[in-house]
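We call the chains A, B and C, going by the order they appear; numbering starts again at 1 in every chain.
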Amino acid sequence: MLKIENLVTSFGSVVALDGVSLSAQEAKITTVIGANGAGKSTLLRTISGLEHPSSGTITWQGESIVGRRPEDIVRMGIAHVPEGHAVISELSVEENITMGSLFRRRKFKADVPAATDEMYTLFPRLKERRKQLAGTLSGGERQMLAISRALVSRPKLLLLDEPSLGLAPLVVEQIIDSVNILCRTTGLTVLLVEQNANTALGVADHGVLLALGKVVADRPAAELKADATLRAAYLGY
Amino acid sequence: MHSIGRKSLIRTLLFIIAILWLGSTFDAYNQGQLAVVLILFIGVLSVTILTGISGQLSLGQGALMAVGGYSTALLMTNYPFSLWVAIPFSIIGAAIAGLLLGVAAARLSGPYLAGTTLVVALAIPTIANRFVSVFKGDEGLPVDVGYPPAWFSNAFGEPSYEEWQLYVALPFAAIALFFASNMLLSRSGRMWKSIRDNATASSLTGVNYSRQKIYVFIVSASFAGLSGALYGLRGLVGPSVYPVSLSLTLLTAAVLGGIRSIAGAFIGTVIVVFLPDWIDLVVENFELSEQVSNYMPAMISSLLLILTVVINPAGVAGTKLHRHK
Amino acid sequence: MNTFLAALFSGTSRGAIFALVALGLVIVWRGAGIVNFAQMGQAMFSTYIASTLIINGNSYWVGFIVALLSGAVLGSLIDIFVMRPLSNKKKTELLSSESMRAAVPVLASLGILGVLQALAGIIWAAEERGFPAPAKQEGFTVAGNAMPFTAFDLFVIGSVAVTLILTTLFFKKTSMGLAMRATALNQEVAKLSGIRTNLTRTLSWAISGAASSLAGLLLTPSSNLSPNTLDLALLIGFTAAVVGGLDSPAGAVLGGFIIGMVISFVTFYDTPEDVFLAILAVLLLALIIRPRGLLGSKDVRRV
């Protein structure tokens, strides 16, 4: 389980996370929603180690991960799919996926090919294009590739940052569905950051509403979805 | 506007008084060293302006010094010009060279700019050797500061050679200081700092990015040219006087002292010029072979450069800024 | 005809060496984001070490291997003790300016160059040394016909070719090679994939160090060894990398051969004194006409 307490992350004088506390239950999908600039991406980046908090704690399966390097946090079973350019365009699809499994080659040598095959089963379109450069893929395919790169490392916790950004609704549905299935079948814990609150709350078990770096609501997803006043105030619809 | 001018004037006057007082307490050798400090200070200012203020890293300021030096030497040997006439023309010559370099460099940044200017710096000895009839190749052109005019000797007594060097260098250093101070405090100075701090943003706000970059190059080159002219007047203008390492020396001085301020430029120059003397003082107590003592100053200043850049990039003068923050 | 062939072969041989220098620069540029102005200073230092071993009776090959190893070690040490602390620095006011952030590693590498040159002077008394070649440098005859190249030229071309093949295979086919390419292309995604980016960066420095040491070994038989011998080589290599594309290893090789040819033909058909000016001209032309280089990628910001 992931537990965050009083997390504060700042960039110079800008406080992006102002004492955020939340937890992500095992084998459940927790979604973090909020308007632009609420601090959602910073939250994920702080968890994965790309940013360092000025104070607060992050505990994963009992161990503190604050201050560790991103590559070490990955080895603890946390995989982060950042928003935007999460694949390396100049490498092939195959190389992008391989990249995610490199660190497992020593300990889990036998499992790596199996894990890779599972990615191709999950996203058949990637299999068709395995030799192509990632830069030639469509937006949706790139997102699938980014997620594969993260999943091939067999994480226990998946941090997903705005997977719907710039994608057509049908593609978004596909991707979110795949993640949902994965969570339910393999017990993957998912922390999903989304601007598209409707879609996110549709699949999530739990929802956290972030505004200006603070947690405004922390409730079961269905409740959050039904709360019209909250939605109007913070999400604008 | 007036207050900037007044501030600069006060700084300049204080500077002149301080140097004159210092010079009077020094022996002949150190007076000569002080003269070198004043001369190189102008050159280091060219780095401060170009790199510290507008963020363009040039490794070729020594080449621009050479342009100034050669202009002066050629004017003084081929025509009966005195140094007081030759020097302003040399500044113009260096400014033109700066314009050319600036135009070439305006499209470059970072390592491309650094590498290109380094190549230009290395071109000086090559050009001097290529057109031997004009530039006299490795031998170079001998020039010097000459003797003080009669009215000076009558008024102040006959100065020694080193003192005269000091008295020649001082007015130019003071003028350079005045202009540098003015510029840094002015609106142009702030514009250049915006180019340094965020190239994309400043180009978007309508600052005519390329033109300002070139303008800074011209200004910086003028300083370098003046410095180079005076530097040559210590006795010789030739490739051995303006080697590639001169550019690096100027850069080291600027970084060690504090690349963003005039005070930093001065402190850095003092360090770089007096370092060999200070090393000698320490090393005298140990018996070191000649080969070691030859390379010690270069070794120490390079080490200082690395340490400064890694530990405290703001340099000596810059450290004080930190505490205020 | 004979001059032309001689120029052609000399160009190929020189070009191979400069391809190596350029490749070293490109590897560190891609792997660590800086142009290593100290690169040929490192090569000079390793070559001095090799020279000392050879003078003390060891064979050329012992010196060769030690030079390559010391090049790799020296490169790694520079990354670990200077470059890594640099990139870890907290953002101070000075470092918040993008041009200062770009300038600081350049200044550091210049400092390192100065230290290496001064150190070489202190240790080896800056006496000019010759350096042996493993193969004859004079004309070479096959079946009684004088060839326009020497055995040494063949050695140069051969060793550079082997190096290029090995490095290409390494980068394209091995896991570590993939990790290094990933780190060079997008450090953040590489870290998130679990790649130890500190290690891959240091390895870039090590490989570049070894490659440039090889270049140093191949350059020095034709000139005397002194702390400053290889300065020019750096600038030529830099020009070659710019011509080919600073972010393209293939470009580095192409650039190297182009520059090699330019130098060779200027030497044979004009005078050697014009070589440096020719290089300056090529550099300026490249920056004006095609700043990203012949094989460089378009995205890289130049301004």
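Rule of thumb we're sticking to: a contact is a pair of C-beta atoms (placed from the backbone, for glycine too) under 8 Å apart; a residue touches a chain by one contact, two chains touch by 3 or more.
Just so we're clear, the structure is a prediction, and the values are computed from it rather than from any experiment.
Engineer: Chains as vertices, touching pairs as edges: which of line, ring, star, complete or other describes this one?
Structural biologist: Contact pattern: an open line, chains touching in sequence.
Engineer: Please indicate which chain is farthest from chain B, where distance is taken between mean Cα coordinates of the chains.
Structural biologist: Measuring from the centre of chain B, the most distant chain centre belongs to A.
Engineer: Going by C-alpha centres, which chain would you call the most central?
Structural biologist: Given all protein C-alpha atoms shown, the central chain works out to be C.
Engineer: Based only on mean CA positions, could you tell me how far chain A sits from chain C in angstrom?
Structural biologist: Their C-alpha centroids are separated by 42 Å.
Engineer: Averaged over CA atoms, how far is the centre of chain A from the centre of chain B? Could you give it in whole Å?
Structural biologist: Whole-Å distance between the two chain centres: 54.
Engineer: So the centre of each chain is just the mean of its C-alpha atoms; given that, what is the distance between chain B and chain C in Å?
Structural biologist: 31
Engineer: Could you list, by residue number, the parts of chain C that touch chain A in their complex?
Structural biologist: 91, 175, 178-179, 181-182, 185-186, 188-197, 297
Engineer: Contact residues on chain C for chain B in the complex?
Structural biologist: 29, 34-35, 37, 82, 85-86, 89, 92-100, 102-104, 106-108, 110-115, 117-119, 121-122, 125-126, 231-232, 235, 238-239, 242, 246, 273-274, 276-277, 279-280, 283-284, 287-288, 291, 302-303
Engineer: Can you name the residues of chain A that touch chain C in the complex?
Structural biologist: Residues of chain A touching chain C: 12, 48-50, 69-71, 74-75, 79-80, 82, 85-88, 90-91, 95, 98-100, 102-105, 149-150, 153.
Engineer: Residue numbers of chain B touching chain C in their complex, please.
Structural biologist: 51, 55-57, 59, 104, 107-112, 114-116, 118-120, 122-123, 126-127, 129-130, 196-199, 244, 248, 251-252, 255, 259-260, 291-292, 294-296, 298-299, 301-303, 305-306, 309-310, 313-314, 318, 321-322, 325
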